[in-house]
Structures are given as C-alpha cells and as structure tokens.
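The first chain written gets the first letter, and so on, giving A, B, C and D; residue counts start at 1 in each chain.
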Amino acid sequence: MTELKRVGVLTSGGDAPGMNAAIRATVRACIYYGIEPVVIQEGYKGLIENKMDVADARTVANVINQGGTFLKSARCQEFRTKEGRVKAYENARAAELDGLVVIGGDGSFTGAMLLEEEHGLPCIGVPGTIDNDIYGTDFTIGYDTALNTVVEAIDKIRDTATSHNRLFFIEVMGRDAGFIALNTGIASGAEDILIPEQEKNVELFMESLQKSGRAGKTSSIIVVAEGDRGGGGVFELSRAVEEQFPEYEVKVTVLGHIQRGGKPSCFDRVLASRLGVAAVEALRSGDSGIMVGVRDQQVVKTPLERAISKHNQIDNHLMKVAEIVSV
Amino acid sequence: MTELKRVGVLTSGGDAPGMNAAIRATVRACIYYGIEPVVIQEGYKGLIENKMDVADARTVANVINQGGTFLKSARCQEFRTKEGRVKAYENARAAELDGLVVIGGDGSFTGAMLLEEEHGLPCIGVPGTIDNDIYGTDFTIGYDTALNTVVEAIDKIRDTATSHNRLFFIEVMGRDAGFIALNTGIASGAEDILIPEQEKNVELFMESLQKSGRAGKTSSIIVVAEGDRGGGGVFELSRAVEEQFPEYEVKVTVLGHIQRGGKPSCFDRVLASRLGVAAVEALRSGDSGIMVGVRDQQVVKTPLERAISKHNQIDNHLMKVAEIVSV
Amino acid sequence: MTELKRVGVLTSGGDAPGMNAAIRATVRACIYYGIEPVVIQEGYKGLIENKMDVADARTVANVINQGGTFLKSARCQEFRTKEGRVKAYENARAAELDGLVVIGGDGSFTGAMLLEEEHGLPCIGVPGTIDNDIYGTDFTIGYDTALNTVVEAIDKIRDTATSHNRLFFIEVMGRDAGFIALNTGIASGAEDILIPEQEKNVELFMESLQKSGRAGKTSSIIVVAEGDRGGGGVFELSRAVEEQFPEYEVKVTVLGHIQRGGKPSCFDRVLASRLGVAAVEALRSGDSGIMVGVRDQQVVKTPLERAISKHNQIDNHLMKVAEIVSV
Amino acid sequence: MTELKRVGVLTSGGDAPGMNAAIRATVRACIYYGIEPVVIQEGYKGLIENKMDVADARTVANVINQGGTFLKSARCQEFRTKEGRVKAYENARAAELDGLVVIGGDGSFTGAMLLEEEHGLPCIGVPGTIDNDIYGTDFTIGYDTALNTVVEAIDKIRDTATSHNRLFFIEVMGRDAGFIALNTGIASGAEDILIPEQEKNVELFMESLQKSGRAGKTSSIIVVAEGDRGGGGVFELSRAVEEQFPEYEVKVTVLGHIQRGGKPSCFDRVLASRLGVAAVEALRSGDSGIMVGVRDQQVVKTPLERAISKHNQIDNHLMKVAEIVSV
C-alpha cells in the first residue's frame, strides 16, 4: 500500500450532475484512509493559480444532491502549455500532493496524462460528462441525469402533441455521439431520431416524411442530436421542412444547457460515490495514469491513454430496438 | 334554477395543463346536479362534425393528473364562418344541449359569444391558457404549471452557470404579454428580463451590458419573452450580442412547447375543479355569455365580451420587485 | 420616509420552502434602499447568542432555488422569557439594528410582537409556513410548494392503485387546519378527505365505507390530516378499518417532513420576493408590529396581533367542490 | 426461426414503473415480425377469465411514459391450482397463442414455468419489479425509477434537517433485500442505513447512537428497509429510540406505495423496450421457459428456474462505499 500524505481533487471541462457526489466521495475516502484531502477550485486553472484548500468531511456536507460542481470548472488555456503545467506541478508539490483525482471528460484526462508523464504526479481520472463518450466505463457520471432531463422535457411536449400535422423537433446535445438522442428517442417514443452515427441524413428524413404520408396523422416528435452549429442547426432543418412540406406546422425546442444541470439521479450519485472512493483506493494501490470506471457493475481501470483514444460505440441492437418500437 | 337536460363541454385553442381537471369537474358537476354531460372532441370542429358522447363519472377517471386535454383541441376555420356556426348549433340542438362549457382562451371565447348571440345557446367560458392574459380572473388554468416548468428549467441552467463571461438566453412564451417572463425571471433569479410591456429594448439591454462591465464576472441568465418570430428571435439577439461583445460566450435555450405540457400543479387542478363546477352552477342559475374566473379567491363572473376586450396588466410593483432583487 | 441604518432578518419556527427567497429579497431590498442588511443565524437563538453578520448581494446568491432556510431556524426557549428578550434586544441595539424582519409562523410573530412592545424595536412579520393558517394573507410562503409535493406523491400512488379492494391512506400535515388535506385531496382526485374542520369523523367514514359497497370496486385513496399523534394516528385508523372490513387491503403512507422541503415553486418564490421587499418598504414607511401579506394580488398589512389571533377559514365552496368532484 | 401466429403479453404481481414500456415493446416487436399481439388484462386472472384482445400499434400509443400497467395486475389464487392453469391454457389455445410474455417478478415466473411444464406453452419472463431481486439480470424494470423516487423524497427531508438533535427515519421497501435502502442511503447521504442483509441490528444501531454522541450535532437521516410489519415497524423503532434517548426528536416518514408509481425513468424505459423486443425475439428463436435480462449491457437469457431460485447479492464494495462516504 502506497503511503499518501495529501491527495488533490478537481473538476474540469463541461460540468455534469454528480460531480459533487464524486468530489464528496473522494474527500471522504481520503479521510477514511487517513489522507488529507485538498480541494482545488476551477480545475487546472486553480492548480496554476494555487487556489487550494485542505478539506474535511464538513466541506462536502450537503453537496451530494446539488447539480453542477461546487469547485467550479474552467477551461484553461495556460495548462495546455508546458510552462503552465510546470507551474501547476510546482504548486502541487508545494502543497505536498502525492496524487491528483481529476473528474472530467477526455480533454481533462489529456491534461492529467501530460501532468503525470512530464512530472510524475500520480493522476487518476474519474469520468464525469453527460456525453457518455468515454471508453473504459459503461456509464459516465451525469449521463443518466441528462437522459432523464431530456425525457421529462419531451414528455411535456407529448402531452400537447394532440393536434394534427405537427412536427416537433427537439435538439439535444451530442455533436459527435448520439447516445443521448438514441436513448431519449426510444424512451420518449419519438417517431424519428437523427444522430451523427447513422447514415440517415436529412435528405433521407425528408424522403421518409414524404413516404410516410404522415400528413393527416397526429403529431410527430423528432429528436435531433446537435449539429454543426450548436443550438441553431435545428432551425435550419425546420425551415427546410416547412418549405418543402407546407402542410406541416413545425415547432422547435432547443434544450441547450438545461441538459448539463439538475439534481443528479440516484444512479449518478451512486456511480460517483463508487468512483470517487475507487480513485483514492487506486492511488493507494500505486496506480497512476489510469481512469476508474464501471463495467458489468464492477470497478475497472483503464489507462488514460486508451480512455481518450477509443470511444464507446452505439449499440447496434439498441438501434434496431429504436426502429422496432417506432413501428 | 334553470332546468337543464344536457350540457356539453369542449376544449379549444392552445392546450394548457389543467384542462382535463376542468373537463372532469364540469362532467361531475353535471352528474351531481342531475344533468347529462356530453363531451365534445376537438373543440368546435367536433361540434360541427358531431363528435359528441354522453359521459359518466368513469369517462373522466384518472385524467386529473394528465397534461394536455383528452378531448383534444383543434383550430377550426369553418367555425369562424356563419355557416359553420349554423352547423354547430344544429348539432348542439339535435344533441339536446341546453348549455355549453367552453374551456380555452380569448379566441375560443369569441366563438362562444357568437354562438350565443346568433343562436341563443347558453355558453359559459372557463379560462384555460398558459398565458394568463384573460381579463376577469386572477389566474388562468395552466399558467401556474407553465411557470413551474420554466423555473425548473432555468434552475438546471443555473447549476451549470459557474463559468465566467457567459450569457444564457432563455426564450419563454409570451408574444404579447410578459407574465411568464416576469414571474419566472424573478423566481429564477435572472439577471435580466426582456418583456414586450417594458420599454427596455434590445439597444437598452446592450447598453446595460456595456455599462455593467459584467465581463469578468460570473454568468448571467436573461429571460426573453418570445418575439416576433416565435422560437427563433432569440438566436438573432444572441448573434447580435456575440458580435458586439466578443468577450461573452452566449448559450441559448428555446423552451417552446415544453411550456404547454406537464402534469398540472396542485394550484391549477384546484382552480380547474372550482371553475368547472362554477360553470355548471352558472348555467343552472341562468347565466349565459359569461366567463367564470377567480378573483381574491372567490368565483366571479365576467361577460365574455369584457373578458376578451380587456387585458390583465403587468403589476407595476412586481416590475419594481424584479429590479430590486436583481441588484 | 424613516431613515434606517441597519435591518436584521431571521427565520424562525418550522422551516418552509421559499424562506430563502424571502431572506434574499429582504437583503437585496435593503441594499437597493441604502440600508445595511444583517443576517441572523438560527432565529431568535442567534439574536440572543449574537450570531449576526452584515450581508451583501453575494450572501444571498444562488439561494432562491434552495429549500429550507440557509439561516437555519431553531426553537428558542430562552426567548420566551423576559430576560431572553432583553438579551436579544441588547444585541440588536449593539448591532445598530433599526428594524427586524421575522420570517415564520404565529409562534415567531408572538416573539416579534413582544420584542416590539417591550423594547420598541420595529418588527415586521413575513408569513412563512406550509400550513397556510395565518390571518391577513391569502397565501403563506411554502404552502404552494407543500401542496405540489403532496400531490406528486399521491399521483404516484394513483399509478399503482389498479388492484381491487384496496384503500390507500395518505397522512398529510395539518393538525389544526385542513388546508393541505382539502386542496391536495381535490387535486389528486381522492375518494375521501378527513380533515379536522369537518364533522365527518372516523365513524362516519366507516359508515360511508359500508354503504358505498366499495368492496369489489377499484382502489380508493383517502387523504387524512395528521391527527393527535403526528405520524402515527393513521396506522390506528388503518387497523380499525382492517378489523371491521377484512375484505379491504389497507396501505399506508406517512409523508412527514417531506412536506417541509423541496425546491420552492415559482409561486412561492415570487410571493417571497414580493413580501421580502414589502417588509423593508414597510420599515421605511415607519410601520412596526405588522405583518405583510398578499390579498387579491396586492400587498396588505395586518397588525401582528390580529394575524396571530384570527385564522383563515376553510372555504365552504371548496368543501362543496370536493364533494361534487368525487361523485 | 419459429413461425408464430399470435403471442400474448400480461403483467403480473406488484406493478412497477416501466411495465407499460415493456408491454409496448412486446406488442410492437410482434407487429414488426409479423406476429399478431394479444394483450391480456389483469395477469393470469385475465387468462383464466378470457380477457384478451388482439392489439395493434395504437393500443400502446402514449403509454410509455405512464407509471403502473395499463393491463392491470392482479393476484390470482385460482392460477395457483392445476385446474386454474388448465383453464388458462385452454383459453390460450383457443386464442391461438403460440407464446406468452410474462412481465413480473418471481411469483409470476413460477406461474409461467408451471404453465410451460404442464402444457407446453412457450413462456418468456421479463423482470419487472422495483425490488431488483431477480437473478439473471443486473437491473429489473422499475428499480431505477423507485430509487429516484426515494432519493427525491429524502432530498426534501434533507432540506429541512437543519435543526439540532433530530433523527429522521425513512422507511423504504425491501423486506428481504436491501438494494433500495443501500443505494438510496448512499445517494441521499444518509447517516445510517438499516438493511436485512447486514448484521447491524437495532441494538447495534442504538449503541452507535450512544457512542456517536450525535446529541448536540445536526440532524441525522436513517434509511430503514421495511421490516416484518410492512409500514409500521419503523414506528416501533422510533418509539424505542425516543425512550432510550429522550434528547432526540424523532420524525418518521413511511414512503409506502409511492415507490411503486411515478413516470418511469429513461433507464427503465430503455431497459423495458430492449427486454420487450428481446422476449419476442427469444420466442422466434424457439426459446421457452427462460427470462430475458441485461448483464454488462447485453441481453442475456436465464432459465426461469434459476431466475427464481437464486438471488442477486448485495455488492460488498458498495457496502464499504456506504461506510466510507458517511464518515
């Protein structure tokens, strides 16, 4: 067992519900194992600017049910430079950190990997992002909450979708990965789902609209993964549909950052608690440069390098399920 | 007390949470008073197309907690014509309706007024719309639920609004009336609120951004009542801000029809139950051409004509409260 | 206009959702009017123990959407004595408080009244309690949220109430006043409502069970206002029913303190914002010994003495509505 | 591939959120594969009483987001007899059912197994129960939703738990299995969790109360799995604590059937959609007497016999996580 005096914890990148639960578990696992926990504000920026405090169990009281991250999260240009990372490391050393827990997505893990390679500071990644696009874990922290947020929103639209010849477009997050769109599309009974992974592009969607003769039928709900121009692309699509199919009335909802917030679900809180504890236990075992994740309900470890370079694939059976249940 | 054999009920116009509770109360009040309730599908369209059924208490079982309206609601061009209303009236007479309860907004009330004026069918209006813009009642059915829906959405954005120099624009409904924007802006702690009633236009908002020197401060949330081009206007605003103030990162959420759905709040269900009962009691008292509403917690009656022609005004003290609490 | 240097604010008694919004509005209204706000921890106990801090706008950032009260609330035996109030007053004077805003229920207002009578410290009451039993305001802060909490809970029970011959008892708060039970009973479509104000006692309920021959029908939901032995009485009732009617399967839910928590509804936040501002404006106008409330959507003032000694009555029409909609 | 003309689907046992999504997926998978789906009311009772209807895609429109089961679920004494099952089988044969999908827990699976053994009707089990106590699947349908329901309830209590020396007991479901208590205890930051699997009995809890000297500290939340006397045991515990530790004020919440209802979470809807489709695909592959479940994100099959006789075990690491995060 590696002797550890102090361990730092930070959140980085886009925030995600459950990050607070992960910080809390990291802090309390430190205390449980006789290590002094150090909380770092604003991600790598706080490491560079030396915004660190020794924490105790009270520091993380009443945060488990809060969305966002109470340590804040900032993008940090300086940390992308070698000089920035030197500063960060020197502060870490001055603060006597024997290890660092980084809660975030692949950008954050790249930073952790470099800090470890260049300076030998043991770093453990904890996957916190709503996008579920990290290799080495079945679920990322925040993903389950985001799914529920989207589904609750679409449920409300379904309530009102009683008129005829209406198309409701719902834009959800997922520029590169359609996990959110596919799962929430199935769960909300969407009539169609447009995701980056699938060939069905806009032309095909238009064709299917034409064929379906949906005109004269009840309303349809279409879930669209955010395209090139985050938050706006769906309006272009809606205008194109209205031009080609004037018989439809098209209504648009852009969920935007609503998906990043909200009280974390039970699932995300338990996942975050497990992974926060596992991160500290990994440092105690002498691990470094790895991410802790959950596969088949067990905690597993993946080198940060692999976690970053590979990606979870959309499940083919799930794509077929989507097709089947929308008959 | 007027003897009534049968009373019809329909929902018309944009749907609103709580309409089902109002239908249920109307139906059950009929039964309680020995009147046969008749439910009419799809608003005035169903009256013209003779889509009517005698209902009993079970017809409205388990609907009180459902969003939308199980009778559906459709816009009906034909009913705007004299001929259409003749058809509607003939069906009503054939169905032996001695009165009609119309749940909807001012468009729906105009129809009810004409039906009554031209054919003498006693009509009672029940204010059901999320916009709260009907004169003669402190609250319309659905308004309270819509407010909660918007506030819950903004709360989630607030969770994530920890980064610097970010502006979050949230577009809410209210082309003509800023009730939703003003109340949800106060309730969510928005830094600014843009409503149709207030002179503060976009230029002034831009000026205030400039003065505030919000740059370097934490994020701001701006609630915007839907402008000319429903669902899209806020993107133009966001682009204008980004051009003039490149230091801001602007994020947009367009809530859209989410605001029309959702399980009705307790407030809306109780309001709807009271007004549904009151509508039937009004018919029994011989009233016609009036709307039932609630003022100072009491049921009050207003001629449909006045309910349509006048409008609730934004409360000046509430505007000041908004200014004060955002210091 | 009275010149005020400093104004204190505290929460007292059982906590209620929206209290944070009321504190926030009080603090920001002080700042707006050039007064220094002082926040007092743990109610009157904090006044006696001198737990006070000058606040600024940031002190109340991000609290508007939090349940409970961040200033905490404690019962304080010592403040009920003359000596205790002397200490409290001396601390208030030392802190240069020119007025005090007390957010709470009638116990808290009694304290405020005595402090004012005995020592001349201007006190303004703000009604914050889920019970809605304060005279002088149509609504107390927290009441609307509590109603929604109860209704959401009963909705879930309704989902599962598909079996035959089941009685579900739901115990809600309201030892002396049936506002919560009556309103949530109507809103959840309860088959029966047992409240303190109504003569229908347990025997009558038993008789009605017998007559109704509900046996063989689908499930019934009965909302019961908390009786003599908070949190337990409903079990005695359930056992009595099971003994007398063995054909029923009885299931019990005791909501308990769930009703005091939760994110405040939009309604409660706006109400709290208005009343917090109004309390400071009342002090500036030279008022003292009064409570600010809302009647017919307007801010009104009521002497604390009357607010305490009188009670809102259950609305008779609402009782009839309950009867009518459960046919 | 086995040729199937018709497949029946029923829900049985205690209902669970997501059952509707499973019915819907079964029905639509039938249609997709050219099979006629038959929906059976009230579980095995409906099979015996011949309450069956051929369904189409519209039959299951707008049910995916509803709690409970629209087919209803009833306990059926008669089906436990050989004669009852003969009747059931004869009806199934008369209806030309080539297979049966049974959505429920282990009691329901026992029935399916007997029906298959005695009469050769191919039966597939789909695990639907909030208790998560079925072997052969990582998650049962409804479990995730129940966890969220409990956590949301405890969150509200946490909001109000600001006073000193208070103990809040929350009774949750789980007579035999502590999955709900353990997971929600971790997720809500409970100070203690009492589950059947753990030795820590009431005496030990009392000792720990004594040692902890929690007196004088802030409030504690204790999650208790439902004991011998469903819905009442926690009151006995609370009285025992109050007698031995008069310095504590004890508050009790009994969640009861709230846990069985509510809109299903996204997770449960997707799980239910996958398993409903998988059940039909299993019948087409010639499977019989098996349950479909999900392990490591893949659909897996388990003989009904094993699904019934074995049980999922509480995860030891999770028990340790619970201990660590409550330091």
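In this section, contacts are C-beta pairs under 8 Å (C-beta built on N, C-alpha and C of every residue); 3 or more make two chains touch, one makes a residue touch a chain.
Going by UniProt, the chains are A, B, C, D = ATP-dependent 6-phosphofructokinase.
It should be emphasised that the depicted structure is a prediction, and the values quoted were computed from it without experimental measurement.
Q: Please identify each chain that touches subunit B as well as subunit C.
A: Correct list: empty, since no chain touches both.
Q: Please tell me the distance, in whole Å, between the geometric centres of subunit A and subunit D computed from their C-alpha atoms.
A: 28
Q: Averaged over CA atoms, how far is the centre of subunit A from the centre of subunit C? Could you give it in whole Å?
A: Here the centre of subunit C sits 39 Å away from the centre of subunit A.
Q: Give, as an integer number of Å, the spacing between the C-alpha centres of subunit B and subunit A.
A: For subunit A versus subunit B, the centre distance works out to 36 Å.
Q: Give me the residue numbers in subunit D that touch at least two other chains, ranges are fine.
A: As it turns out, subunit D has residues touching two or more other chains at 155, 158.
Q: Which category does the touching pattern between chains fall into here: line, ring, star, complete, or other?
A: ring
Q: Looking at the whole structure, which two-chain pairs count as touching?
A: All chain pairs meeting the touch criterion are A-B, A-D, B-C, C-D.
Q: Taking the touch rule as given, give the residues of subunit D at its contact with subunit A in the complex, in rising order.
A: Listed in rising order, the residues are 21, 24-25, 28-29, 31-32, 57, 61-62, 64-65, 138, 144, 147-148, 150-152, 155, 158, 183-184, 186-189, 263, 265-267, 269-270, 273-274, 276-277, 295-297, 299, 315, 317-318, 320-321, 323-327.
Q: What residues of subunit A sit close enough to touch subunit B in their complex?
A: It is residues 14-15, 17, 66-69, 72-75, 149, 153, 155-164, 168, 231-232, 235, 251-262 of subunit A that touch subunit B.
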